[in-house]
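Encoded as structure tokens, the structure appears first; notes follow it.
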Amino acid sequence: MNSFGTKLRLTTFGESHGSGVGCVLDGVPSGLTIDGKFIQSELDRRKPGDTVSGTKRKEADRAEILSGVFEGVSTGAPIAVFIANIGARSQDYDELREIFRPAHADYSWFMKYGVRDHRGGGRSSARESAARVAAGAIAKLMLKEIGVTVKSGVALMGGTGSEACDFEYAKNSPIFSLDPNVEAEQIAVIKAARRDHDSIGAIVKIRAEGVPPGLGEPLYGRLDAKLAEAMMGINAVKAVEIGAGVRASFMRGSENNDQMSADGFLSANAGGILGGVSSGEPIDLTVYFKPTPSIGRVQRTIDIRGNERVIEIKGRHDVCVGVRGAVVCEAMTALVIADMLLLNLSSRLECVIAAYTCRKPL
Amino acid sequence: MNSFGTKLRLTTFGESHGSGVGCVLDGVPSGLTIDGKFIQSELDRRKPGDTVSGTKRKEADRAEILSGVFEGVSTGAPIAVFIANIGARSQDYDELREIFRPAHADYSWFMKYGVRDHRGGGRSSARESAARVAAGAIAKLMLKEIGVTVKSGVALMGGTGSEACDFEYAKNSPIFSLDPNVEAEQIAVIKAARRDHDSIGAIVKIRAEGVPPGLGEPLYGRLDAKLAEAMMGINAVKAVEIGAGVRASFMRGSENNDQMSADGFLSANAGGILGGVSSGEPIDLTVYFKPTPSIGRVQRTIDIRGNERVIEIKGRHDVCVGVRGAVVCEAMTALVIADMLLLNLSSRLECVIAAYTCRKPL
Amino acid sequence: MNSFGTKLRLTTFGESHGSGVGCVLDGVPSGLTIDGKFIQSELDRRKPGDTVSGTKRKEADRAEILSGVFEGVSTGAPIAVFIANIGARSQDYDELREIFRPAHADYSWFMKYGVRDHRGGGRSSARESAARVAAGAIAKLMLKEIGVTVKSGVALMGGTGSEACDFEYAKNSPIFSLDPNVEAEQIAVIKAARRDHDSIGAIVKIRAEGVPPGLGEPLYGRLDAKLAEAMMGINAVKAVEIGAGVRASFMRGSENNDQMSADGFLSANAGGILGGVSSGEPIDLTVYFKPTPSIGRVQRTIDIRGNERVIEIKGRHDVCVGVRGAVVCEAMTALVIADMLLLNLSSRLECVIAAYTCRKPL
Amino acid sequence: MNSFGTKLRLTTFGESHGSGVGCVLDGVPSGLTIDGKFIQSELDRRKPGDTVSGTKRKEADRAEILSGVFEGVSTGAPIAVFIANIGARSQDYDELREIFRPAHADYSWFMKYGVRDHRGGGRSSARESAARVAAGAIAKLMLKEIGVTVKSGVALMGGTGSEACDFEYAKNSPIFSLDPNVEAEQIAVIKAARRDHDSIGAIVKIRAEGVPPGLGEPLYGRLDAKLAEAMMGINAVKAVEIGAGVRASFMRGSENNDQMSADGFLSANAGGILGGVSSGEPIDLTVYFKPTPSIGRVQRTIDIRGNERVIEIKGRHDVCVGVRGAVVCEAMTALVIADMLLLNLSSRLECVIAAYTCRKPL
């Protein structure tokens, strides 16, 4: 179960403090130019180290393509990317060998597996998301060929923010803020939490534009369901909305229904998805991140023998995982949409026939 | 993509106004007593007709078990259940043959498939959820053997409700209300909307108790991700939360983290899932339903040729789909947890060895 | 695990002496005319009763389409087909309730499940293949639109036969014989075995023509591997060959290699598949059926408590399962090729782009 | 489609002349001691270079474990293994850039993908099987804990051999010969073919012992079907038999049926599998390899523009791929059986209940 997707299928491997993390992206059509610089730039967006919100761990995060690309172009073979772990300081975790960190995966995973790689959470670490971002970058390259773009930004941090959705601004904001007017305040909130050895939650917005109508595979490969799965599967995410989301449940049908004219939809509550299938309108997601569980404050917990302990996490940690999380949300959204694009190719018989009747011999 | 689950795998078929809807539930272990009355009682809970919130269509919904059960006990073969469509009035839909109903799947599905069964939405109809409920009932029978229960209720309807979570009360409430103190007010809200030929949204709570720790398959079969997928894949659902959900993104880590003592967790913000794996605590989901898209008011729309039209939906429709939706949420939650129970059997080598060394010949 | 295929996905259910057998075929593109008469005619080819080789059980085998078809055309929704069991005489099996029939699934399935539907083998019965044939018929309808045909016939029965491959003749032969010159002798072999209360094996040939080059999904969805899986998964099959098959292992490379000219391949040892992908040449399979395990002779066996017993199977059974098995081989071959056709749609980026750039709004 | 297996899932990546080949093995239970030396020894068995049958290419084949193992023990996380390509001489292939080698994947894959990594066949090369052998070694380590062993050997080479099945002898034979009495003759056959710049086919036997009864997932995850898929998916395999295989189709039921006594089966025609499920008897497979397609003789072919060409393959190639192929067959057999062991854990309700009721808190 370390794979995601159906026709475009991501498999990841690796741990926080092992030799590295990697992905195998299977199902990329042949003929796609694989722009290594773009993959690297996506990893750099996720990279912590110099942002106000991130951990101080320096992750070099160089993406090494191991397979599937020949002379710069995808061959149809699986594309493996490896990102070596550099700068991991395992000794930071020595005293955690037998202790469960609150709000982390430590306790539940130990109950499942009975053994643990305690160093930085091992496989449960957010470090694995580097592999998702690398794969998402390849998905984005493919989507670009169809005219689909995926953007993200942070709307609220620790409750501070606004309704504004300036995705262009967010791209260059150090905290991916969607609103230039509240950015400074949000940075102040982050700094205050860091000073308190505490952490804060965040609300992330994702928008996909140019998505053709018809994507999503009823009834159990619905686009909304797969996006919800993808978002909720990201570390620290506790809620997912599509379109009006929570607000829709407070509306009447006459308010919430997006009526149509010859020029298109007259409102956008659906978030671009109707009956689990894309409508051609922009797809809007809202993703809620809990505060980073690692905090430098004294917390009560237990160890692997059930004894009570107190813990004060040192290490180097993001104050607000939602910031880098936005990049991961983008990557997963791109992977889902690209998968749906490929799956949808067989929706109509006429398209299947056309695909084969135009083919000619050498 | 009409299948859901991995080891316990649901496949459904059927349309709103065809011969019926059905499911094939694959992966049920042999030896489970299949209580047909219980399956029927679950279908009856979902059945509309005499509730204040529901449609007036009388759905008899008799579950007929076609396979997989011999002398009352599961054999390990796939269990097929068929529910014939009775009382479907297709002529109600004649005038909708070429028109897209706002906020329904009509437009996006037509863009996907190019053909449509316009009668009641065809395959996209909420009628399919009867098949889910039948399968969910079987999952519940299996879960019961392990001590797991799944409950549900409606917290808010059209914005009216409370924080109360009286699941026992909800079971017998005609609108599955979680709070006896607001039930009357909620019924009034429903009646008001019906009088206005309008509809309302709802917020549904789901709780699973007795779930053993260790369920969920990292990293892409996480329990939270699969639950989110399952919930968002239900018609009319637009948002899903786990535990503190949206609220967690407004908290600091020191507030949100569930610390532990020798007696267990000291708070319950995680909603029973840590790192995508169950912790042994109750699992709490909140599911947000939009208002029923079918309303009896004049709406603007287009037809399959792109011409502008107005529509005034007659038919018989729920005022608040979230009420019956709660039963579907329960069923899908049961299916996810049961699947995870079976998948988790191989998590540890010692368990695998134990399973085989105890086996003996005839 | 009662499903087969990836993008075109067959799920079957039902037992020999339950209410019936059925299939859900998922992934059929919308817009395919579903010719119910053709589906019935395929079931009739599989039907026993009046052939020299078959059982005397009369199976009416009426295919009832339950879903996925609207006004005669596929909608993209899953197509469910049900075939009621008529004329099942369960009492024939009463004395087998606790005895394992040699060479049947009885013993191994009982070891697996611990319970059994002893009537006619329950789920393990060849009766389930009716569902495969119904689904295969739909796959054939789809393949016909691309120009692909699948044929079959019986080469040897009980060792009697020839190298001839007259698929047109086989179609109308009561025993699907591939050689008019040996047909009479083969019928005599069948009659002799029946007289001896014994059974015989058979060798079946399958040929698929018109298969476009490029089908098969390296490396673990290879066309040859999927065909081998499909054939070996049919009851009573014990060996599968592709092209020269066994003979290839006795050749030198200079003999076996199919060299090429501008006019195509100069020989046909590969059987139409190179590196797991179709070459555009006819695909040739040879499938080896063991003799029907049910024979009317005294055999030694044990019962579910491990006690020694003797058994003399009454019931009504095929003398040579390979005859009707040929129709099942055809169906499964059609399903595999149709699945591969759909999967292959995304092999090249240029095809993916073409599929989306040509799409236009209403 | 570069993944194989369900609960134990292999994903491979890499090409013949890229940076290396690798695998991700997902689903290994936690707590398995991962013996790196054993994995290396399995790779060494597959390694060519100094055997009479192999190519002269020196493949160092060092297995590097990238993830999933902590302090020598599996953690439940996916185990990635990478094998760097060393000693690849891509220039050997320069003149093949535009030519299709007869009996290779070159033509059919080019028709599929439209681009090619011509160097040594790229992804279609048998080099990928190193990744299978590494994964198979881990499967064997797991099987060993249950008492299952998998053995192999070569029965015939170029038609020379015997019925003998001395698996212990084969283990140490340079050509994995199953019969000490014919080994010298077989070596002579290989040398003669090499002298003639030709190649020969081979027949390989596989035996799995200690397999518990009950493995295999009816009806589309049958053990025989999955083994057939696994074997036919190995490069150069053209036929697969189980038990009596081809011979069974020449027998009568009274000969072929394995009758039973209180002491077990009285014959072994079934090859250890009944109704697709293991019976507890040894599992016997026979796998037929075609001769190596790469031969140093002049052959007619075409290039990517359809022009006629002649080709004389230089490079370094096995005379008989079946020899190293035996090791790959073993690996794939081990992977299939291990997968089935894990899948079978949920076959009976009583086992599921037992697995959960015995679990206790910390």
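Chains here go by letter, A, B, C and D, matching the order in which they are written, and residues are numbered from 1 within each.
In this section, contacts are C-beta pairs under 8 Å (C-beta built on N, C-alpha and C of every residue); 3 or more make two chains touch, one makes a residue touch a chain.
Just so it is clear, the structure is predicted and the values come from calculations on it, not from any experiment.
S.K.: Check every other chain and keep only those touching both chain A and chain B; list them.
M.R.: Touching chain A and chain B alike, sorted by label: C, D.
S.K.: Could you find the chain whose CA centre sits the greatest distance from that of chain B?
M.R.: Checked the centroid distances; the maximum from chain B is D.
S.K.: Quick one: chain A and chain D, Cα centre-to-centre, how many Å?
M.R.: Chain centres of chain A and chain D, defined by C-alpha means, are spaced 37 Å apart.
S.K.: From the C-alpha centre of chain C to that of chain D, how far is it in Å?
M.R.: 26
S.K.: Report the inter-centroid distance (CA atoms only) between chain B and chain D in whole Å.
M.R.: 44
S.K.: Listing for chain A: what residues touch at least two other chains?
M.R.: In chain A, the residues touching two or more other chains are 1-3, 12, 27, 30-31, 76-77, 111-114, 123, 213-214, 218, 280, 302, 306, 343, 347-348, 350, 361.
S.K.: Of all residues in chain B, which touch chain C in the complex?
M.R.: Within the complex, chain B contacts chain C at residues 1-3, 9, 11-15, 18-22, 24, 26-27, 30-31, 64, 66-68, 70, 73, 75-80, 82, 111-117, 122-123, 302, 304-306, 361-362.
S.K.: Help me check something: in the complex, which residues belonging to chain A touch chain C?
M.R.: Contact set of chain A toward chain C: 7, 27, 29-32, 74, 76-77, 142, 145-146, 212-214, 218, 280, 341-343, 345-353, 355-357, 359, 361.
S.K.: Going by the contact rule at the top, pick out the chain D residues touching chain C in the complex.
M.R.: 1-4, 6, 10, 12, 100, 102-109, 111-114, 121, 123-124, 128, 156, 158-159, 193, 196, 198-203, 213-222, 224-233, 235, 237-246, 248-262, 266, 269-271, 273-280, 288-295, 297, 299-302, 306-308, 322, 343-344, 347-348, 350
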